[in-house]
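Following this message is one structure expressed as structure tokens.
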Amino acid sequence: MENILKLVTENQQMIYIVILMVFLGIEVIGRVPSVLHTPLMSGANAIHGVVIIGAIIVMGKASTDNYLALVLGFLAVVLGTLNVVGGFVVTDRMLEMFKKKK
Amino acid sequence: MENILKLVTENQQMIYIVILMVFLGIEVIGRVPSVLHTPLMSGANAIHGVVIIGAIIVMGKASTDNYLALVLGFLAVVLGTLNVVGGFVVTDRMLEMFKKKK
Amino acid sequence: MQLDILTIAYIIGSVTFILGLKMLSNPLAARKGNLIAAGGMTIAIFATIFLYQTEDGQGLHNYAWIFSGLIIGSIIGTLAAKKVKMTAMPEMVSMFNGMGGACAALISAVEFDHVYREFRLDSNSFAAVVPFGHYFTISAGAIIGGVSFAGSMIAWGKLNGRVKDFTFNGQHIVNLLVFGFIVVVAGLTYWSNTSVTNIWFLITILTALVYGVMFVLPIGGADMPVVISLLNSFTGVAAACGGFLYNNKVMLTGGILVGAAGTLLTILMCKAMNRSLMNVLVGSFGTKHTASGGPAKQAGNHKEITVTDAAMLMSYAKKVFIVPGYGLAVAQAQHTCHELEKLLEEKGVEVKYAIHPVAGRMPGHMNVLLAEADVSYDKLLEMENANDEFKSTDVVLILGANDVVNPAAKNDPSSPIYGMPILEVEQAKTVIVNKRSMKPGYAGIENDLFYQPKTSMLFGDAKAALQKLIAEIKNV
Amino acid sequence: MQLDILTIAYIIGSVTFILGLKMLSNPLAARKGNLIAAGGMTIAIFATIFLYQTEDGQGLHNYAWIFSGLIIGSIIGTLAAKKVKMTAMPEMVSMFNGMGGACAALISAVEFDHVYREFRLDSNSFAAVVPFGHYFTISAGAIIGGVSFAGSMIAWGKLNGRVKDFTFNGQHIVNLLVFGFIVVVAGLTYWSNTSVTNIWFLITILTALVYGVMFVLPIGGADMPVVISLLNSFTGVAAACGGFLYNNKVMLTGGILVGAAGTLLTILMCKAMNRSLMNVLVGSFGTKHTASGGPAKQAGNHKEITVTDAAMLMSYAKKVFIVPGYGLAVAQAQHTCHELEKLLEEKGVEVKYAIHPVAGRMPGHMNVLLAEADVSYDKLLEMENANDEFKSTDVVLILGANDVVNPAAKNDPSSPIYGMPILEVEQAKTVIVNKRSMKPGYAGIENDLFYQPKTSMLFGDAKAALQKLIAEIKNV
């Protein structure tokens, strides 16, 4: 129990950032019209592609003879890039169609 | 220049908290109806009364023979309390009137 | 352990502030939101008193001072807040805001004193020993808090009529100079010899107070709500400085939250009046026109109506709209007004109220006022809806409103209120205006409406006039 | 210096994500918002590549691997995203989401491998040397990422018809057991002897994949958009785990932002269908009823209409409403539909579209589809407005829609779609329904509308039927 409490103080700032981010995520979405649900979902999908940064770090730190790490890291980079690039492009295509309406 | 940059990294988490808080403040207010402007103003007014905590810390740390600090700190506590208590009570009174409408 | 619980208390505090503010911006949840924020504040305050530890692990002392301060503040605060009349709400808010600003400035002063005592003997300038960041937060807290305090006091004085508008040519340039002076003095405090550091700091605070006064003085009384909202966000930033100073997250988050929300609220208020913030701050809107306008400049003839005629007109109308304004609040005639409404309804007349968003002296003023008199909610129409209905209205009864029905806002591009949306009462068949004289309203400009053939004036204090009307209608 | 710039790049990244998401939820700014977020992402990625430093101050290496990965991913991603048909958008999103989940799981795996290599010889369990928090983030990232990956793949398969719904009794209990098993294995990984730690970890990941499959399998195909949105927020949380792992703020904020926003979006989507999230996940909505409903259970007689008669009816109507549905998208008949609309308008018929928010297979599907065919925006009426206008409509032409016009949603409390708002087409004078057979739509239930006296069926593929209609109308 005391350990958990200590974790709270040690990670105070992180906890704040997480809580504020959760609030922001909820506030920002607020009440979107259902028409925008799909592009919004796909845009959010592209944003969590930020996980690619973790893949780059893993890859960039792997020692050059650790083939397991290299291969897995490489795969992670490819998949993460797919998520990011594909996500943004697909969202843009969808929104392009929407814009025509006006 | 380099010093300022260093400050950014050192206070990274603080900077995040401030930025996120600014976003939240803006998001949360969003588009309020003008009818609520006054109570909202007064409610926000009560919240910044949180400065009272600083007054308590100052007061509680002042050495018992430093009369300048004691007097100023005491004044700060009184004024801060006025802000907090008065702010919340006045807001509540105002909102009570609003509620009757329904 | 103790500190960990304090951290959690602070997190709870921050979260309740966000939740509270969020709920405050929703009419249905507003009151609960206020209570939630108050609860979080209480937790944060008591956690600080009992759990706070200085770097060397000591708790706080001087409990007697602290608790007497808290008790005195609570008693005065509660009494003042409970006793204040509804119409004086904005003044009260301004006053409390000033207290918060003063509190922030005092904290900075004590903290400065603390640092100063520690270093004045060992070194020849603050710059040599105090990190710039630390000094900056102290100084910023003192300056912003001081400006907020002095400004709020002036705003308070203006709202209750104790302080008059005061302008001179080039005032804004002078203000800018004063502001520059503050920055210079704050720099001198940091870099000059410790023998005079304290004097420079004192000058910094004093000039901040002067600036606060000069900043608010030229702004018209009618714009005070906007100014108060702005000063509100200043105090928020000052509180956040305290948060940086003590690395205290609840002060930091609370302060920044109010700072950001207050700034946006200020802008929203300006938008509701169809003006820019710049225009409010620099435009000296209220003043100039009180000077140039005025009763001398009457544009035509107005006609009066007797109470008996007014009573007749209203009794036989199908639909009557009441337009309340600042005068109704001044005369405290809301209850009498509600009586008139009930009487007319008994006679089969349909009675509604047209509520302009900035009628009165604070946003939502008329809603609060009429709610106090138990007028039912669905009788109050917002501006847009009322404007749609005036065409089918027989009589519009204007009770102490002026600017909000001034057609110049629509027709006269040179008018200072041009562009503000108004209640278009001239679409109704007849308009009866109750006020005490032909004097202008807060914007200080003539109102053409009063001289139109449709319009007749019913002079007198709103409450007295309404009472007479009621008596007459009972006789019809 | 280098690290400071990296910090700033990350701050910029986080801010653009917030701004981007905010703008994405506003129709007018959405596209710009997407570009802004993409810009921030690019900055964050390249800053990481060139500026990142490990604790001992070294930069990254293996640039060749990194860049080839980036290039390969970009090319495939762009091609796939550009080539995919509009109707297959949700599948594509699901696929990309799965990639993100897999990426998060892989990172955790490599990180596990890293820690494992370091400690397997010195100690007898992870618990002895690795802080629990560190292991927890690794494990959570692997599990959540794995579930998200497997679930997204199944969702993808369901949407394009490769995977069929699959349910058995007590499935949800089995799923709960599997989930419990994951937790136990993850615990074993931490506390068991290092000789088997790696095996337990492998089992953890594998079970997570199994769980992802089993979680999505029983959920009906029509609910896939909701499931994808939920898995989307899972991937967000998995990315945030990576942020904790590397104390990387941009990953943390981006991940949490999407996690929170995605969860809310999921709930909003359920609300738009008037169902609870629980009902979607556990209700097995789609499946059960495909089983129980079906063509056998016809409730009465339907009547058919010839193309000639339909053409006549529509040519001489004053006002025609077109109700597009999933079938129109399948038949790719949007252009032909626009042609019909123009033809009728030339003949003086007023033509409008009634858009149901969940018509088709993704929210906004019909808007996208018709926009592709250049149908003008002001011809598209949202459900509420369309429902107001059906009364004054002569002919409603339903093109491949079914569930969104099923009156059971209003009348039959036992129906699985009961409570969903629908387009109330039966208020119009005549209803013409185009579909290929009497088969039910996605919810798998009978539609009473087809058997009503007002309704006549025009069987055939939407595109073919429309082409015939156009030809006939030209002859009228």
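Every chain is named by a letter (A, B, C and D) in the order it is written, and numbering of its residues begins at 1.
In this text, a residue touches a chain if its C-beta (ideal position, glycine included) is under 8 Å from a C-beta of that chain, and two chains touch if they have at least 3 such contacts.
Not measured: the values here are computed from a predicted model.
A.B. asks: Any chance you could check whether A-C or A-D wins on number of contacting C-beta pairs?
C.D. replies: A-D
A.B. asks: Provide the C-alpha centroid distance between chain A and chain B, rounded to the nearest whole angstrom.
C.D. replies: That pair's centroid distance is 33 Å.
A.B. asks: Can you compute the centre-to-centre distance for chain A and chain C, using the mean CA position of each chain? Integer Å is fine.
C.D. replies: Each chain reduced to its C-alpha mean, chain A and chain C end up 42 Å apart.
A.B. asks: Determine the centre-to-centre distance between chain B and chain C, using the mean Cα coordinates as centres, and give it in whole Å.
C.D. replies: 17
A.B. asks: Using the touch rule from the top of the page, what residues of chain B touch 2 or more other chains?
C.D. replies: Residue numbers touching two or more other chains: 13-14, 16-17, 20-21, 23-24, 27-28, 30.
A.B. asks: Find every residue in chain C that makes contact with two or more other chains and list them.
C.D. replies: Those would be 18, 22, 249, 253.
A.B. asks: Among the chains present, which pairs are found to touch?
C.D. replies: After working through each pair, the chains in contact turn out to be A-B, A-C, A-D, B-C, B-D.
A.B. asks: Flag every residue of chain B that touches chain A in the complex, lowest number first.
C.D. replies: 13-14, 16-17, 20-21, 23-24, 27-28, 30
A.B. asks: Hey, which residues of chain C end up touching chain B in the complex?
C.D. replies: Residues in contact with chain B: 13, 17-18, 20-22, 24-25, 27-28, 30-31, 33-35, 37-38, 41, 44-45, 48-49, 52, 54, 59-63, 65-66, 68-70, 72-74, 76-78, 80-82, 84, 86, 89-90, 92-93, 95-97, 99-100, 102-104, 106-107, 109-111, 113-114, 117, 133, 225, 228-229, 232-233, 235-236, 238-240, 242-246, 248-265, 268-269, 272, 357-358, 362-365, 367-368, 371-372, 374, 376-377, 380.
A.B. asks: Across the complex, what residues on chain D touch chain B?
C.D. replies: Listed in rising order, the residues are 1, 3-5, 7-8, 11, 14-15, 18, 22, 249, 253.
A.B. asks: Across the complex, what residues on chain A touch chain C?
C.D. replies: Going through chain A, the ones touching chain C are 2, 5-6, 8-9, 12-13, 15-16, 19-20, 23, 27.
A.B. asks: Quick check: in the complex, which residue numbers of chain A touch chain D?
C.D. replies: Listed in rising order, the residues of chain A that touch chain D are 7, 14, 17-18, 21-26, 28-62, 64, 66, 68-70, 72-102.
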